[in-house]
């Protein structure tokens, strides 16, 4: 096994050092010989390159880092292309969070209209990256943790031939919580899992093959509630929902909380990131800065490393990944990307068949998937009609009187990032119901 | 072909004369030799029997009417058992409409939590009727226009072997509207149609086999809007939604209108029905009273007669009926009742295969069907947990903070009509998440 | 409703007068104003035109017949394009019947290797016709009774946009037999029906909606045996198989009979057709010649007329037709043409959903459908490999040692009719396993 | 992790020492603390117990072996119940092989009518064993390598709640052959695999994730031909068929070879087994006798050990196992047992979704599965009609004139082993087509 080249697209992200740390920890099973750092933000690229070199040295390991603003240079020859971009940055995220609230609708980074706008901004850029990989590094795997990962992965798998692993740490979340609650090693925990990214459900939990009893389930429910979902609701469902289900099952509460808060999560992140980047820029900073922990959102590196190891070593591993359905989950279209346990090895990512979707939640999964498919098409085609129909299909919007002005305002606020929606002169594409 | 016996369960309904009128019009193709009138309300039964005898005479036709409060007597020997009951009467309907509004949720007879309570009250009674038919008149067809017809039909087809045609005039609605809009005979209009009762969509409309052009579709859209759905929305979707979709696509507007109104639809109906029944009771009243037109909600008799004729004469007819899916609509369970075009003849009701559900609305159909299946199970099992999960699955509720108290209040207000939910002493069944 | 133009492709067929007779009988409900006769055989075309004009006069009706050898002229303006061609004529049919027998394999016009060769010869011609219809008469319906109708219809529906009704009188066969056996009118008989052309099964037979009892079924079985299938087998299956199932369930017997016979069915037909055509050519012959009855194979006109009436009058009729599956039959691909009951009207042909394929025969239907799909692809692509794999997939061949030389001999014997299999110089395409 | 108890049902089998050897090799990862030997043949049980004790000592390891003729005693407390029985012994196998040949039909242990009779004899015994496991050791896993493993597993999964792994070394066969052909380690080879036991196909082969090129595939084809399937056929299909497909693709050749041979495989095995057992009985024999290699048919222990290790250690492993379909393979019923790659760990056996069955072979898989399902039902119900319909559904029989007398003779020859087919007086159940 030879050393592999890793490319990081969006290397200026504050998460990059976490990945570096993981690569050092797993250097035996995933020997990386070169890391290409690519970013469109030259300043961040420079700061992160310098910090990661210091950090690698601090960890007692050496991998050459090559910074570049030439994407093809980064991609060519890479075995893995980690993509962690944020089109429009946190500034646009704040608008995704704030604008829907004005209409009494959840404003969130990946859920609801905010998530759709993030998809509309991100998908055209992701397709460019994927087409580069397809053409210039066709054996490479895109390791995607760019959100909304389900929609991004669906666009890439429908419109390119590039190999992509659409990741989220959400697949490990129930394992972590159950391990905590039951005081058993995480690897003893197994479960069935079905749904979409940020809209999934865990069930049939076992410890070393033994199903949980009711009291154990309740303990896991209390832990998996995570301050997001009412434990009583989890106990009624007998399923562990993704914490993002709070936006569906506690909508009014979440909207009220958001309205009362002075700052959105995006604004908090902006401040924390400024702090973190100041630390990275400090030439004396050699380890992960303390502020990074407060930034949150980690855990991606664990799953990314697991996927890269399974592929590199051709050693099968069951990992929750976003993949095209192709019959794995009944009732959903073949090309719909779903988040399910998959067998990952050098031959690729193979979804495990999901014999049954729980009887209480197959409808909401279908409804949100319908929205997702329309949003992906809207992004690819730059169609206001499809974007409007996506919002009408979304269980958190649905209302025509709300959807129309909300969509107009959101699109206008994202004009610079929506090349497919606005023509060369910047004029909005007219709504034409006959299209 | 011999004369058939028809039983009307709930014969005291104000709609009965409309059916009588239809039977007279179609006496050649559907020769009815006896009509059994059954009702639990003896006064209404008496009034309606007397009026219908006068009305038949007025129409120059004679069919013996046998009033009875013995259900078995009515059912035995019948070829068709028309069921048009309203468990709890309009008094409970008004509560179904009013209580959800207090929680900011649509209050409606068949849609949302109000429709669920109607199902919880009605299904146990319908199952009793169906089991009588199954046992004592197994060749008979139940002609059901008791709402919510989709849920009622699902309960009957899952839990009994009785033959049932779950009807709604909604399947003819697009034909009526297109015929008006295009000034062509209704029978020249054909279309694809898919969904659930009161949650369906019409598409691929043709006139004498020719697809509508855009201008024609837009004219149909304007007419099919019916003051319920914004024509612009219909033109964007390029589908004709059931008018009941107004509660999904114009939720906030409908709630605001309802809050501002002094009376609910149920209360208006109560007043109109009093007026109508006063007329029926008048021994000089021989024809349909003028107030009946204002009562609205007719059209059922047209579709009921079409079904009975197709069965009686073994002459195939394509009619929109609620039937178990059994593979006709992709993505929905086999036992889920769907509202689709069916071929009806003496051999029964055979769903036409629906090759594709429109890409913009398959999610909402699935979401509402998931609610419906949970509500049916809740009704049959008397399970508060399932009723709660049904509301959580419903796109118009979904919110746990709302669903819990709303459900408690609704169940309490329906206590006398929910034998499966309350034990003999009338105590509420405790919520037990472990059930 | 205006008079329609009908085009007959292959008008020189001995079946044409039967269709003419039907058109006269149904002139009220299907008013034909013009018939274009097209054939590549000018002599037959002339004979048939002259005879049919005499025959129409004899029947007391007048429809102008326009003979032409210009296919576009025939097709343009036509509402219905009846196609009844025989590529290679009866001479090739005899080879289809004789060659497989040399290898111990069933030799039959539509079943087994003979049927495949007929498909390989016919499909390229049918695609040309269908593309003409698509381009020059896109509203027209192809009324196909060219065999093998299932494969021909699959090729046309996969590779063109032309509207086609793939017909066979086999869908009426159980009705005729049950009507005879039970002495009831044919229209009182209904049944479920599933499978492929010449490989189908009838079940759930009813008379005026009442299921047959065992004694009645056994009587129908005796009649439906038709000298082809052992009645004991039918009684064991409790299904009525197409008579062509004799080649599967009585293979050895049928092969032995064929080997012992001096003449194949094709040779008999050749002699009968010569006799029939001599009669047609006689200027004094005004009615259908007596020899035609001995020719057999009629009944197509009945179903063709039923389809054309249902479309022309937009009056729904349930008719067994070959249509793309698109979800109607579980377990078969969407693009697989199946033979099932369909609702036919001006809006087209809509398959009824088939909830369950009988548990005893779904496997053989799948196996033969797999062969059919490979044979269609082989015909379209001119691929020896696909033709070989089609024979390996066929339950009547399957054996590699037989399939290879058999295929070679069959292709060679059909060289002039297989433009896609032999290049311009007439050299056989080499077998290349890597294609 | 504590030591596990292993029960071997049919411990007198000549294969037992191979399993013992594997247990010693894998003692670290699968620490077995006790082995219960169960057999109905006391002599064999005694011989095998004594030999295995000597063999264990010879291998330098010690596991207590407890011989018993009380099945419950063996099963109780066991974590794994290995079942390797042969109902009727090799004597009946010889009849399975000889009788069909008299009718010109393949006579084989697991394929065709011989395999059906083996299933009819074996399934009632297996259901008894499985019901014991279900009742007295419900956490145990049945590790089944009793043939026909697909049918046996289907019967157990349909009619009991016992956990069962239906194994065959066939899932490793393509790995072994590809490893040999390409001179790479077996574990570098991955592939897709679909079908039934002894009727499966391997495709999309990769070496360390890289797809084979054409030349490599051809080399694998030559090796996987295994003297059974013509390499040219494999190269045309571009799939690796199970060697048992020789009975379908080379039927006439196999029948001719069998007719010419003096002895059947069963008779050869009888002689070899006598030789092997003589060696086992020799008190000086401490290692596997040389004659065992000539016995052949090994390889089961490798896959059995892999499954037991994955379950015991809760360490996921992708292994080809026979499991109920439940949506994994399109087009086959949910309860149909299929042989596909599965993820095995302590939580059980989860089939990987098979997105596409190769276009050339889905029909034969369906046809044989249809036979299998009928044969399982025939075994469970003791129904001659179902057994007859199973043979009619089998692509190697299908012929009613052959199937009837062949079935009669086979059943008669197996009378003592078919308690469900013959009543207490031993009289044959009459064929009643109305059942």
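A, B, C and D label the chains in the order they appear, each numbered from 1.
One rule holds for everything that comes next: a contact is a pair of C-beta atoms (placed from the backbone, for glycine too) under 8 Å apart; a residue touches a chain by one contact, two chains touch by 3 or more.
None of the values given here were measured: they were computed from a predicted structure.
> Which chain is most remote from subunit B in terms of Cα centres?
D
> Taking each chain's centre as the mean of its CA atoms, how far is subunit B from subunit D in angstrom?
Their C-alpha centroids are separated by 55 Å.
> Can you work out the whole-Å distance between the CA centroids of subunit A and subunit B?
44
> Would you please write down the residue numbers of subunit B that are in contact with two or more other chains?
As it turns out, subunit B has residues touching two or more other chains at 330.
> Please give all chain pairs that are in touch with each other.
A-B, A-D, B-C, C-D
> Using the touch definition from the top, list the residues of subunit A that touch subunit D in their complex.
139, 187-188, 190-191, 204, 206, 208-210, 311, 314, 316-318, 326-328, 330, 334, 341, 343, 345-348, 350-356
> Enumerate the contact residues on subunit A facing subunit B in the complex.
Going by the criterion above, the answer is residues 214, 230, 232-233, 235-238, 248-253, 330-333, 359-364, 366-371, 373-374, 385, 388-389, 392-393, 395, 398-402, 431, 433-434.
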